[in-house]
Structure formats: C-alpha cells, structure tokens
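Okay, got some structures for you below.
What follows is chain A paired twice: with chain B in the first complex and chain C in the second.
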Partner chain A sequence: MANVGSAVKSRNGVFRQMANQKYLIMLALPAFVLTLVFSYIPLAGWFIAFSDYQLGFSFFSGEWTGLKQFRLFFGETSDAFNIIRNTFAMNIMSLVGGLGIAFVFSLLIKEVASGKAKRLIQIITFFPYFMSWVILYSVIYSLFSTSSGAINVFLVDIGILKEGLNILGDKKYSWTLIVLVNIWNTLGYNSVIFLASISNVPADLYEAASIDGAGRLQKAISITIPYMVPTLLVLFIMNSGWILNSGLDQYFVFTNPTNRPTMEVFDMYIYRYGIKLMNYSYATAVGIIKAIVSIVILYGVNMLSRRLSSRSII
Partner chain B sequence: MFSYLKRHRLVSFVVLALIGANVYGSGGKEAAKPPAAGGLYTVPILYNGALATVKKSGETVIGKVIKEKFGIEFEFISMTSDAQERMNMMLAAGDYPEILRIEGLDIISKYIKAGAALPLDDFVANSRYFKDRFKEQIPLWKLTGNGKLYNWDWLEPQQFEVGLDINDVGVRTDVLEQQGWPNLLSEDDYVAFLKKGLADNPVTNGQKTIGMVVPFAESWGMSLTNVMIEKGGDYIDTGDNLSTCWNQAEGRFEDVFLNRYTQENIRFFNRLYREGLLDKECFTDFGTQVSEKLNSGRALSVFYTLWLAGGANSELIKSGNPGMQYINMPIRTNAQAKENTKRQIRVEITRPFDSYIITKNAKDPKRLFELLDWASSEEGQVLLQSGVEGIHYTVKDGKRVPTEAFVTGMASDPEYAEKNGFNIFSFLGAAKTFAADGQAYNLLLDANFRDKITLTERQMEAYKKLGWKNSLEYWLKTGVSAPVGLIARVVIDQDNELSMLNQKVTQFRYQAAATLITAASEAEYKKLLAGILEDYKKLNAQRVIDEYNRVYNELKAGLKN
Partner chain C sequence: MRKARPFELLFDIFNSILMFVVVLIMAYPFLYVFLYSISDPAHLKAGLMLWPEKITFNSYKVIFANPVIINGVYISIARSVIGTVSMLVVTAAAAYAISKKHLIGVRFLRVFFILTMYFSGGIIPAYLLVKSLGLTNNFLVYIIPNMVSVFNMILIRTYVESIPASLEESALMVGANELQIFLYIVIPMSTPVLAAVGLFTFVNQWNSFVDVQIYNFMKPDLYPLQYILFNYLMSQSQSIEQAKRTMNVTAISPQSLKTTITIITILPIFFIYPVLQKYFVSGLMVGSVKE
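Take a look at the complex of A and B:
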C-alpha cells in the first residue's frame, strides 16, 4: 500500500514538474521530434544490412543474410583499409589542424586593439563556413586548376613552375588539399567559440598580471590559454565522435578517378555503392560499421579526457 | 515486463515508433482514376534535360496531330539529376509516372519484380503494327520479363545504312587545314598531329591550347578507356560499362580489362599524357568543362564525346571563329590500323539503356498502348520522324523532300526541332530503318539530305578537302554491321553474389586506368601495370566472365525453344 501510494505521489510529482516546465518542454519539443524522426526512426532501416533488400519491397521482406555484407567489406578487396585510412587521416588532421590553428588565431585576434578590425577579420574568416561546397569547389577550381587556375597560371608566368600543379587531380596532394580546405572553412567558426571562452576571463586577472609585470606572451600563456583549454577539450571530444563523418557534399565534388584511392571516405563509398551501384544492403552495412566505430571513438576520447584532465562531457 | 514498459515509457514509445514507421516498407499510391472516355488524357513525362519552349506536346506541330487523333497530350517535366539514381528512388518510393524511361536491364528487372511495370502481352496480341514492327525485338525483350513483355526500346529497329552513330575523335578543322588536311587514323597520326598543332597554335583566344580533352570525371567517363575495342575488327562493346566485351569472331564474352585493345587504349592515353597532349584536367572535367574548352576552341580535339562538339560549333560561329569548327574523324590503335580488318559497327537490335515501360500508375494503359501501336505504323513513324506533309516535307516522285523551312529551321534555329515536336516523343519509338518509300524515316539520316541539313558549310568543306564523299564515308567503307541483340540482354542478376564482384572488378578497372594513364614514364607504366595485373588476378574476374557466358548460352537455348 505504501509502495502504491509513493508511486502515485511520484507520478503526480512528475506531471506537476512537467506542468511547471511546460514552456521549456515546448521549446525542446521540435528538436526532440526532429531528432526522433530523422535520426532514430531511420535506424530501423539498418535491418536491410542483414537481409537481401529488394527495391520496391518492404524492408523486412528480404531474405536474411546475416553478416554477409560485413564480411564482404572486410574480406574481398582492400576497400576497408583504404576507406578507413583515408577517413581517419583526413579527419584527424583536419580536426587537430583546425582546432589548433583556430586556437592560435583567436589568441592573435584577442590582441588586435581595434574593435572594428577585430569584427572585420571575424566576418571575413567566418564567410567560407556558410558557403556551399559546390561554390567552394568552384572557387578552388578557378584558383588551382592545372592549366587555367589563377595561382597555377601566375606561378608558371613568373617562372616558379614549368607547368601547373595538378592539385585537384593528383592523389599525392589529396590529404593536404582537404586538410587545408577544411581549416580554411572552419577557422572562423572555431575561433568564434574560442573567443567566447576568452571573453569569460575576468579582466582583473589581466590587471593583476600587468601589475606583476607580465608581458603579453606571459599573460596569454598563464591566463588566456588555461581558460581556453576546457573549451578546446569539449570541442575535441565532441568532434571526435564525428571523425568518421566526412560530409558527402565536400567529397562528392573533390573526388575524381585519379585521386579516389586517397580521397574516398566512408560517406562517398556508401554513396557510390548504395545509390549509384544500387547495393543498398552493402552500403547500409558499411554505414553501421561507421556509426559503431564513431561511438567507440567518442566514448574512448571522453574517457581519455576524463583520465588525463578530469574533464569530460559524458 | 508490462510494468517495465510502463516505467520506461519513453523507451517503449521509441521502439514502437521504430517498428510502426517501418513495417510498411515502400509506399504505394491509390489506383489512379482513368480519364473520362473520349476526354483529353494528359500524361506527365519525365524529360532528361530541359525543354526551352514547350511544356505540353500539344503546343508542337506533331503533338497537335496526336492530340487531335487520340485525345492524348504529354506534359514534359524536366529532370536534371542522375537518371539511374532517380529511377531507383522512384521505385523505392512507389512514385513513378505512367510512362517511364529506364536505363539498364538491372533496373528494368527491379521494376518488373516489384510489380511496378505493366505486362503488355495482351495489348501486343491485339496490336496491328507493334508486333510486326518489333517482331525481332519482342522475343529478346521478353527475356527480361521471364517470357512476358514489359518494355520497348527507343531507336529500334535499326539498319546499318541508316544513320551510323559513330563517336571517334572531334578535330579542329583549322588545324587540319594548317597541316594540309591529313587523313588521321592511327595513334601515331594523332600524336604527330596534336604535337604540331600545339606547336603552331600555343595559344587560342588568349588561353593556352590543349591537345585532347576527355570528360573522365563523368560517372561513365572512365569507360572511355576501353572504347577502342570497337575500332578494331573482332570486338564489340556490350554497352553496359561493366567488366565484359563481346568477341564477335568467337561468339563469347571476354574480360574487357585484359583485352589487348583496351590495354592499347590506356597506353595511348598515357602516351598523350606524357607528351603533354592530354588535358591534365581531364580527370576533374565533366561534360560542362569539356564543352567550355570546345566552345572557346582551346581544345584541338575531343575524344568520343562528339555531341559536345556539336554545340561548340554553333558557339564558334557566333564568336566569329567559324574556321575552328570540329569534325568527326576516325581513330584506331596502331595495331588496328596495321591489321586494317573491317570494323565491327554496332547495329543495336535491342537498347536496354533506352527502354520504356508503362507503369501500374497509368490511368488508362489501353489508350496509351493504342497510341504506341499507331506510332509503330508507317504513318506514325513518318509523322514522328519526318513531320507533317506540306509543312516539313513535300512528296516528289514518291520521295519525301524536306521543305526549305525545315532545312533552314533545323540548321539555324536551335529550338526548331522542339517547337515542331521532333525528338521529344522518344517514348513512342523511332525506327532507324528505311520507310516503305525507300528513304530513312528520319530525313536527317537520309544520305541525300543528312550532310546538307546537319553539317555546317565549314564541316562540309572540311570533309570535301579530306577527299570524303560524305561525313560517314570512312565508316561505311571500313565498317561491317555487327548486330547486337541477345548479348545486350545478358546481365548478372543482383541476387547473384557475382554481381557485387562485377561491380568491384569494374571499379578496379577504372581506378587502374586512371593510375596507368598518369604514369610519368614508360618504365613506371610497365611497373604499375605489372602490379595492377597481379592485383587483378587476385579478384578472379574470370568467374564473372564465365557467368556472362553461362547466362548467354542459357538465353540462347531458351530463344531457340
């Protein structure tokens, strides 16, 4: 009786709490519904990775094939090795490079005296983040295409190069190209987040440091950077979960027959086999592998961060 | 368990939502209501590309005749996305139009298996013209439907003499003129021509001249590395851009990558690349970029994609550079030129990459098939391909003669064909054969009028200077008809595990070709080739070839019975 009574009391308490927080709940509801509809409900489609899915039929009508598609990915060709290597290499380098350079960049922006100049720099560096990859590729193509790219033509004209570098086609430039493009693309966005953490540094700390005779560099090392480190760690942990998520549109425009061995990442591979070659079961299996590895990495980095710095987000 | 579910309401809700949302896999439409008897029947048609002036077929001269006769009008809906992706998405969603163009046997099979395509046997049995027009094609078309007919193809049937569709190399005519109108043929001819051409014309309209352009970045682009197999004497391309080619002499499928002509093709591109004659941007260029280079005249030549050169010629005339126009010239590997055997020229008995079906969403399939049946008649084909007597042609001594308006319109107005309804009714079929009067149905393919209407003055002058009687003379003389019927129907079913291997072998071939073409030296080429062949052996692609031959023999035996 006492248990029933306390259960009723706690249920009423939950409803009362929900009623009190109804506006907060309504605020969160669209995001919840969006996540549920576009991220969780489609997970039922993972079933086709374990069956012989046929277009035009129900997901659950195909013959059960078990782990066949997973074995194909790891077994038949070197696809698994190339895809995983390319994805990890480009994304880790982009993450480390992007965060590192944005970290330093925001420190430098902080030192800019003029508020107007500071804002102008931020606007200019933030701009590429809003451009679509198709436009970005067009810009890069017009700069770096072998025979007509502005930079290649300039370097050939002044005698530095004999002929234009095939940066967009040659696979030895793939990783460098993608990493630099990603750094350029995310510099503004990442530096805004770091600048936000810098703005939280109490001004009296800088005053005290000035009184103690600390120079700009010492202030940056002793005050600014320690305040930015938590933000850096959070960004690093959050982005580590996305290490295997390269973004289809970027690689769709940059991948071509000559650079495919070093440029093809999970998302492009899934698109190629799933949509273009109509191997839906196989592409779904590869997508599942990607998701599981991403979760493992996220938890791993989170745990590592907790061990090393007592900070984590999970 | 019930109390667990009650306590964990959120988890229960998510699980139920997952199950509930996905129990019903693909959507389906309610059965469409047929149009009122005798009323106007408007049929939406997905059109690849964009029509500049026409939204409905009734706005065109030919379409008006069809509308008055049958009460059927077609509404054109432009589509620019990848055709295969679109077809798959439509099937998955159950959202497809009444008549649908399908590319490839595998997709036709999917539509048939899913019950999306309507069987046409009953209509064909009662048809007046369709079964006669396509008597050779119907048994082959039925192979895909397990003995039932579901689809028909565009540009069928075909005759060798009517409108050879050849794509070799588009070459800039002013450079031919500079070099005394050489009759280019072999790889050596092209290398020498392009070298001299670049030396004489280092810059074109302020930009660096390019030797040869190729749109390798297109989804089908890398399949251009094996087209030379068709320029020799023994082999035909199967047209599916996968791992096989057809040995016409021995009557069997073979591995296209290991084919000597494919190897010579790739080596030719590597030679061009090392000599600085192949556009370094070819692997990042799509058709759009290649068109730009042709439109400006920067490219001395274009490999295979002659349809891009057609548009370029108009642009060159507009920009005041008519002398730079491109013409189609033959190419063979050095070995093929030396052997000089008759070239196997595909005459397609079936075209599975250009098929049409009536889907189960059709409101009145009987009426649609009646129109299709009439379109297969002599009257229908003459209307669809030659137009209306008195407007597009007149009849003199029993022969159709194009009118001045038709000739001028086709030659100078890029929208003339569309406004009059030419080439927009591909779903009603277009026979590439002679009509009852002994002329091609399509006057643009008639030998008496073809060059006069379709070529510019500069092009005609170029062929004359080369010593050719007409633009197809070389191929008509050196080619022999190679009918492609049953071999185009051979496909490995997607349920077969070899289908996946077929795809991997094809992707390997494309990658290998790209690697070999960009080898910096002969020594590097040989080293790379040795490694690639070693890796290729591990794939054991012969299993795929054997399967193709097995399926072919099975189908052949089935046809005989």
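Take a look at the complex of A and C:
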C-alpha cells in the first residue's frame, strides 16, 4: 500500500511541478517541436534506403528490398571509389594546408611591429570568410575563366602561358583549386584563433629570454611555437571530426560535368542522384553510408583527442 | 636601444613584403570585381587593372531598373531579417529554459538538442519531409527549418548562466513569473550575445542559396539575390544575346552585369563587416570558454 501511495504522490508531484514550471515549458516547447520534426523525424526516412520508395507515399509503404541499393553503390560502378577518394583527399588537404599556413602566418603577423598594421592585416584577411560561395565563385571566375579571366589573360600576355588554364573546368585542377580556395578563405579565421593563443603567452617569458640574449627567432622557436602547438592539435582534431560535412555550398558552385570525376563529393553525389534524378532510395542509402563513416570518424577522433589532450570534443 | 642585428633587419623587410603580398591576394580579387563593375565595357581590355576604365554607373542603373533583381533584394532582406528574429526568439527561449537545472526533464532536453549537432538524417529524408509538409515552393522554408540553432543555443545558455542569480531571485520574490523574467531581465541582460549570434545568423541567411536550389527553384518569385547571381553564373557561355533577353538589357556585357550583381550582393555584408569581425573574435572566446 505504501508503494502505491508514493507512486500516486510522485505522479501528482510531477504534475504539480509541471504546473509550476508551465512558463519554462512554454519557452522550451517551440524549439523542442521544431527539433523533433526537422532533426529526428527525417531519421525515419532512412527506411526508404531498404525499400522501393515511391514519391507521394509514406516512408514505410514501399516493398522491402534489403541491401540492394548499398550493393549498387559499391558494386556496379567506380562511383563509390571516386566519391570517397575525392571527399577525403580534398578535405584532408584543405584542413592540413589551411591550418599549416595559418600557423606560420600567425607567427609572422606577430612579428609585425606596428599594432595598426597588425589589425589592418587581420581585418583584410578575414574578409573572404564572410562571403557566400556564390560570391567567391564569381570573383574567382572573373580572375580565372579560361579566355577572359584577368589572371589568365595577364599570364598569356606576358608570355608565361600559351593559352589560359581551364582551372574551373579541367578535372586535373579540381583538388588544387579546392585546396587553394579553402586556404584563402579560412586564413583569417584560423589565424584569429592562433593569435588568441599567442596572446596567452605571459609577457615575462619574453622579457626573461631577452635578458638571456635570445633573438626573435629563438623566442619564436622556444616560446611562441610551444604555446601554439596545443591549439593546433585541438583545431586539427576538432575539424577532422567534421571532414565529411565540409559544406555543400562550396562544391555546389565548383562541381560541373567536366570536372565531376575528381570534384564530386558525397553530398553532391547524393544531391545529383536524389534531387535531380529522383532516385530517392539509392541516394538515401549513400547518405546512410556517409552518416556511418562520419560517426566512426567522429568517435575515433574523440578517442584520440581524449588520449592526446584529455579533452573530449563531444 | 637594442642593437639591430642584420639578420633581423633582413627578416623585417622580407616579412613586410610578404604581408603586403598576402593582403593583395586577399583584397585584390574583390577590388578587381568592383573596378570592373564601374568601368565602361567598351573601353575595357581583358586583363588585370588597378584603376577603372572610364567610370560609369550604367550597369548599376540597369540592374536597379530590373524588377527581377529588385524582387531578389526584397526576398534577401526578408529572409535575413525574419529568419534572424525568429531564430533569436525560439532559440533564446529554449536556451533560457535549459539553463534552469530544476526544469523537469532538463537533462534529457539538453542531450536531445545537442545530439542533433552530431548526426542528421541527410539531404534526401529532409527534402522528402519538407515536401510533405508543403514547404517546397514556399517562402517559409527559409525560416522554419532554421528557427532552432543548437550551436547558438549553447552560446546563449552559457551567457545566460553568467547573469547573477540574485537578479532573478529578487524578481521571483516580488511575484514575477519565468516568462516575465525572460522578457524583462534575461533578454535585456543578454544583448551582447544575442547581437553577436543574430549578426552571424543574418550573414548565413543572406549567403544561403543551396536551399533555394533544392526547395524553391520552381518559384522565381522567391529567388534571393544570391540565387539569382548563382543562376546567372551557372548558365554557361552566356552570350550577349541571351543576356539581353534574360536581363532585358542592351549595350552592357554579361561580365559587367555579373560583377555588378556581385558587388550589390556583397554590399550589406561589407557595411556590417567591421562589427562582425569584432563580434566574431568575442564569439570565439565565448565558444572556447564553453569547450
């Protein structure tokens, strides 16, 4: 009897608590419903990867087809190989190149004597980061289109090139293009973070080094760089967890039929097969593969991070 | 004064040159597009330039006389403003709620929100859902799916937790409820973080174009500026004849039009950029404190 009594009492307690907190619940409710609808319900859509889905019917109405779509992706064509290779190659090179160059660049900004110049350099290098990929594409197209791009024309005029390089269309330039554009785009962002870690170096360390007769190079090597390395590691680890989700926008503007074999990444492939060709089941299956690989990477990176820096990224 | 070492002097010279080159690489592409847009196409030679050729604002006049572009400006502004305000309302309300440790089920709620940062159903299930909700070919697709930002929610919650508890307690004492506390204490006290988060949302909304391509490409009335530019850039080998037909213009080269639309699309971001850059640095700090 006592148990029943306390169960009733605690249920009443919950209701009373809910009544007391009705305003807090009201405040949380819209976000809760929206997240449920737009983040959790789509997970039910994974079911269509295993069935013969028809547009306009419910997710669960199609006939069960098992792993057919997955076999298609891995077995029938070389698509799987190309997509996985492109995704990893471009994103890893962009990450390593972007962080590496920003690391060196921050060290060099620190050595600029004038504070005003420092700020100006930072403001200007940060600018491309806030531009949409449409804008960046437009700007790059004006400079690098094969026949009328300003830089191509200039290089032909002074005789370095015979004809303009087809950087935006030729598939042999895809990776170079993406990596360089990414370094250009993220330099300001990454160096803000590195400069923050440089500003954490206690000033008396430099003073002590000066008294000992250390030059700027020695100070950079034995004081500044050791202070920056943990930040570099954290940035590297955190970003590598997101390597498969590196933004659809960017590849949306740079992928075209002529450079597709070396430019197409997971999301573009899913977009092409799902939205354009309306092969929903197949595209969803590829999406599931991407999600699984992505979670494995995130998990692995998180373990590595715990071991290296005793910091968990999740 | 310290004796200058020859090596260090050499380094300073080299470093200054390098910094100049980096700044040039960052800024010149945008400068070039601007110069092109205000040059007279008849006098333009292809190739690099440092000065506009015969300044003219013809292409700007043409662009602003074009109803398609004007509509695009309206759509861009509408999605950026409405999208930002609605995100702030929904996300800040939830951030305040989950900052309260005594809220019933708060631990579940926190995990419920944070998990969504690490997985998603993917493009196709999201597309099918949005379609079945009747949000395709609909302005609201720019707004509703973007109302909750979990990343922003964490930033706001961290800030809200730093507001002295005594303020809220004294409000409770005089009989205020949590809704009133949220409206009259938490929101005014959180303006710095709300401004920072709002600015980034504004920029994200302004810069979006992929959602237009996926959900609204059948509805030219709903094209924002970015997407109009995207379409125009992607229509390969855009001849002058085509340009005349689609944009209803004469005597202006397609490249002039492209550069002009590009500049117009950059402009709002350019004007808020100084504030943006300042806030970003502090926003990063808020984020790293949380980490």
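We adopt the following convention: the second predicted complex is superposed on the first by the 258 of 314 C-alpha atoms of A that agree within 3 Å, B and C clash if a C-alpha of one lies under 4 Å from a C-alpha of the other, contacts with A are read in each partner's own complex, and residues count from 1 in each chain.
Here, contacts are C-beta pairs under 8 Å (C-beta built on N, C-alpha and C of every residue); 3 or more make two chains touch, one makes a residue touch a chain.
Everything quoted here is computed from the prediction, not taken from an experiment.
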| item | value |
| --- | --- |
| First, second, both or neither for A:Y141, with chain B first and chain C second | both |
| Touched partner set for A:R260, first chain B, second chain C, both or neither | first |
| Contacts of A:R71 with chain B and chain C, given as first, second, both or neither | neither |
| Partner chain(s) touched by A:K172 [first = chain B, second = chain C, both, neither] | neither |
| When both partners are placed on the shared chain, which of chain B and chain C touches more of chain A | C |
| Partner chain in contact with A:V192 - chain B first, chain C second, else both or neither | second |
| First, second, both or neither for A:D249, with chain B first and chain C second | second |
| Which of chain B and chain C A:A291 touches, first, second, both or neither | second |
| Chain B versus chain C as contact partner of A:R16, first or second or both or neither | neither |
| Chain B versus chain C as contact partner of A:W46, first or second or both or neither | second |
| Set of chain A residues, in rising order, touched by both chain B and chain C | 40-41, 43-45, 55, 59, 141, 148, 275 |
| Chain A-touching residues of chain C, taken from the complex the two chains share | 5, 7-8, 11-12, 15-16, 18-19, 22-23, 25-27, 29-30, 32-33, 36, 46-49, 90-91, 93-94, 96-98, 100, 102-104, 109, 112-113, 116, 118-129, 133, 144-145, 147-148, 150, 153, 177-179, 182, 203, 206-210, 213-214, 226-227, 229-230, 233-234, 255, 258-259, 262, 265-266, 269, 273-274, 276-277, 280-281, 284-285, 288, 291 |
| Of all residues in chain A, those that touch chain C in their complex | 14, 17-18, 21, 23-28, 30-32, 34-35, 37-46, 48, 55, 59, 105, 108-109, 111-113, 117, 120-128, 130-135, 137-143, 148, 150-151, 153-154, 157, 184, 187-188, 192-193, 196, 215-217, 248-249, 252-253, 267, 270-271, 274-275, 280, 283-284, 287-288, 290-291, 294-295, 298, 311, 314 |
| Touching residues on chain B, where the partner in the complex is chain A | 14, 17-19, 21-26, 82, 84-85, 88, 91-92, 94, 106-107, 110-111, 113-116, 207-208, 210, 216-217, 219, 221-222, 276, 279-281, 283-284, 494-495, 500-501, 503-504, 507-508, 510-511, 513-515, 518, 539 |
| Touching residues (chain side chain A, partner chain B) in the complex | 36, 40-41, 43-45, 47, 52, 54-61, 72, 76-77, 79, 141, 145-148, 163-164, 166, 168-170, 256-261, 272-273, 275-279, 282 |
